[in-house]
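Shared chain: chain A. Partners: chain B in the first complex, chain C in the second.
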Partner chain A sequence: MNKVKQLINKSMVAALLSVASLTAFAQVELKTEMYKVIEVQKDNGTSKIEWVTPDNITPGDKVGYRIMVENKGDKAADDIVLNNPVPENTIYVNGSARGANSSIVFSVDQGKTFATPEKLFIEKNGKKLPATAKDYSNVRWVLTSSLKVGEQSSVQYVVQVK
Partner chain B sequence: MNKLISWTSVFLASLFAMQSYGAGTGAGTSISNTASVSYEVGGATITANSDPVTITVQELINVTIISQDSGNVSVSSPETGAELKFQVTNTGNGNEAFIINQVNIGGDEFDVTPSTIYLDDGDGVYEPGTDDVAYDNSAPSTIAPDASITIWVTSDIPDSLNNNDTSEVQVSALSKTFSDDSQTNPDAGDVVSGAGDSSTDAVYGSAAANADDTAIFVVSAIQVTIVKAISSITDQFGTSQPVPGAEVVYTLTVTVTGTGDAESVTATDPLPNELLLKDGVAGIITVDGVDLTAVSGDDIATYDANTNTVTVVLGTVTAGSADSIISFTTEIQ
Partner chain C sequence: MKINKTLTALIAGASIGISGQAFAAGTAAGTTITNQVTLNYEVSGTAQAQLDVDTSFLVDNKIDMEISDNSGALTIIPGESITYTYTLTNSGNKSQIFELLLANSADATGTASTGDTGDITLPTVTYAFAGSNTSTGSILAGGYVTIPVDETATYTATFTYPLTYDVGTNIVNDDYFHLLATAEAVADTSGTTITPSTATDKNDAGNILAAELIVFAEDESVMATTDTDAAYTGVISVITSTTVETANFAHDDNGDGDFTDPEDTGPGLTVIVLDDPICNAYDSGAANQESYYASYTVNTVNTCATGPATYTPKAIPGALVEYTITAKNTGAVDASNVVFFQDIADAAYSDFLLAGTLGNEVTSHGTPSVDGANNELTVTAGTVAQDATVTITFTAIVE
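Let's turn to the complex of A and B:
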């Protein structure tokens, strides 16, 4: 009995070690930053969008999330997929998701399936309707190139507080 | 032109709807966000999460105040406690109380003296001192997000005014939180730190910064009032129970006071579905003791069976002349 326990313990340690060694090879770190997205009026009558420190967020305000990804390991990381659920009490702002070298897809079913906007549908009163930005539950960025050692990349999107 | 205006207003209404969030996410609510990544190294799939970033939704103080009077409000000169009706709605995302201010707008013929403000008890009927209590600006009651109150703002009208003289009155709502912070005219975006619900910051909204509306008093030397009363109920059992089949006699009393002539005076009484005029268009409507037929076109009294409405065209009535008494018998269905 004791031997069995010891065996299990040993195998668990081994499993933990193997994960640790893998992450040591290619440790991709993720960091999310948030900003208040405001429209600043310029003297010439036009306006520009600025991302500023998020103070005093109230309903109707826009919040921008920037997700930084960095390869701190010693091997290239392939097939990088970034996921972000649209937070509760917010709605995704149409067209706000950006990301270099990435294809951006969305989910309307809490992340079970993803597709590009024109292929997303919702059901309302038994009818199949094209999904709109407010239906999106998750945003996904599929990076089209691998992240080399020491390389950084970032993606972003904007939500509006309900 | 009319069509153009209505389309424009539809467009504006839809724009407003897009920017409107009702009360929105409650003050103090946390919005947390965690991103995740999956990637492959040497055929193994690895996942990682970012640290969560969290924002707390602050209290947005917003309010609308809207005049509920349709058109100008007729008053006498002098008159004590002439009332204006306003609806105050908390369109913010927290509980907030509001201080109501009344000021005279210049450029018209007279100014009023602000008097008591009353809080309607919920029936929308002005009952000062009975069902409606004085609105206490020093300790106004809190209004929940998206909830409304109806207030009666009363004024005293001066003596010796001329017929058709007008006075425009502006009524505004100020957040008590900002008033308590000695900010009597906050701009949108102004903040009182820690004064919001759940110790959030209170942020002044653009609706709150523009929360005022106006109404206009007009001196009318002539006042027309109508009072409806039940004269009798007679049921088929010889008693006076209002049961189906019982006959109910109503009396409308139209009174014209002041000086001058009231023109085109028409008394209209849309009956509820449960009551029909006895004998319908073959029935009788009595005006000042004279029985008139209910059929349309032959006299001043008409019953429209389609709309179930009694109408009596009294025409020009001189102020101070005897009351016009209209009575008719209905049957409970």
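Let's turn to the complex of A and C:
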């Protein structure tokens, strides 16, 4: 718990608008922000999805993670790969992983192998079935271009609390 | 929900289905969920140290429950027992204590007070759970039950509808009453109220991640179109309507064949003076007779057939008086053990004292008898079937 509090303090010092945590190294900085993903009804009867600062999180709620990478070094960072296991007690929300200039792949075997959704299969009762979002154990973003000095990039995905 | 610091710009173009699948109870309150992201990269062809960032939060305590009334619309005959069956489900993510209450409700709108036509003062209603939970107790004294996550407690409340009534001294067929069954999430078996986490709690970043907040999540209880038990209060309720089916005695005051006029309520009594020592015979033409029911005021307009032309028979000593009691069972069920009591010496006609014997009894049910000391006529009519009419006619001589 100490670690959590420490991370929060850092995020508050950084005056972030959301709950966040970060780890800083000389070259590349990695930072995560957490949001509650809600559906807001509009007056005209439609609704829109919003990412808001969480006030509470209970089963069924959706939690969005925004993962930011910034190159604070003096050389380009190449072959950037972000790997994010889907947390226990949550399931990946289909179609929620996004990221500019990145290819997104998933794993259904705890990160041993990765592939795009149409190439993922699971075995059930001896049958090979196409994997669905709830089967995903890991999300991986492979950035398709280098992060130049001073540049930043971000990716995101959403899980739903079981 | 309070929405602040919205960052829609961050996810422009994102469309994520919110509806998703339904979770029953879900992840237990207090569970820590940790998101761990790792970053690998190279600089000038050299792999750099892996970066890791963890973000954790505690799953909050979602207090949620559902209550259903398995009894449906009920009917009850006075004197019978009635059983109400309720099912309470803990749909939250933590074992929860609930306080069970049962009260009269004025109507289907959920106002907890008396007011229905058939309301009774509820006796101590005991509950008994079905299944593995064998708790018993008194709902009216505050019954408590602990229900584990995702489990259901089915309980019944039984009481006998009384033969004597709280509302007046009578009850009529189709009277009704509503019971309001309530389950409130409480902190302990002393009924300590749970206070959900405040907005301040919820906006504190430390609490969001590290504290197990309390959130009321139950739906509103829809009582009727006009009222609800609001959602997110930690209280849920259901109303059961019960109709009283009983025998119902009425008479036809104005002879129109309709027994439902307000003045038709209850058995009717007709009193007619047939003759007296001055007018030796009465004109039996129906047009010349008048009957008095509710007021029991004897004020006949029978004209005298053989005496003075303008004379109206009087209830004077020696007068012959005819009494007729009529009562139709207009209720929904047969009436059994019916006994008619008629105080012949009642207020308005106390001058008409029986001679002590009955004459010319004509009765459809039972045999009349007179308690001379009390001037009370009694007819033990036995069973009077639904829609059957009791007619008791007898004469008496005014002393």
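Here is the rule we use: the second predicted complex is superposed on the first by the 136 of 162 C-alpha atoms of A that agree within 3 Å, B and C clash if a C-alpha of one lies under 4 Å from a C-alpha of the other, contacts with A are read in each partner's own complex, and residues count from 1 in each chain.
The rule we apply is simple: contacts are C-beta pairs under 8 Å (C-beta built on N, C-alpha and C of every residue); 3 or more make two chains touch, one makes a residue touch a chain.
Please read all numbers here as calculations on a predicted model, not as lab measurements.
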Exercise. Which partner does A:V28 contact after superposing on A: first (chain B), second (chain C), both, neither?
Worked result: both
Exercise. After superposition on the shared chain, which partner residues are touched by A:V37: those of chain B (first), chain C (second), both, or neither?
Worked result: second
Exercise. Touching A:N84, do we find chain B (first), chain C (second), both, or neither?
Worked result: both
For this session: Check the residue A:E50 against both partner chains and state whether it touches chain B (first), chain C (second), both, or neither.
Result: second
For this session: Once the structures are superposed on A, label A:Q152 by its partner contacts, choosing first (chain B), second (chain C), both or neither.
Result: neither
Problem set entry | Contacts of A:I67 with chain B and chain C, given as first, second, both or neither | both
Problem set entry | Most chain A residues touched (candidates chain B, chain C) | C
Seminar exercise, completed: After superposition on chain A, the chain A residues reached by both chain B and chain C are 22-23, 25, 28, 30-32, 34, 54, 56-60, 63, 65, 67, 69, 73, 75-85, 87-90, 147, 161-162
Exercise. Okay, in this complex, where on chain A does chain C touch?
Worked result: 1, 3-5, 7-8, 11-12, 17-23, 25, 27-28, 30-32, 34-35, 37-40, 47-60, 62-67, 69, 73, 75-85, 87-90, 93-96, 98, 147, 156, 158-162
Seminar exercise, completed: chain B partner, complex, touching residues on chain A are 22-23, 25-26, 28-34, 54, 56-60, 63, 65, 67, 69, 73, 75-85, 87-90, 147, 161-162
Exercise. Considering the complex alone, what residue numbers of chain C touch chain A?
Worked result: 1-8, 10-11, 14-18, 20, 22-23, 25-27, 29, 31, 33-45, 48-49, 51-57, 59-62, 93, 197, 199, 202-203, 205-206, 208-210, 213, 215, 217
Exercise. Which of the residues in chain B end up touching chain A in this complex?
Worked result: 19, 21, 23-25, 29, 31-42, 44-46, 48-53, 55-60, 93, 191, 201, 203, 205
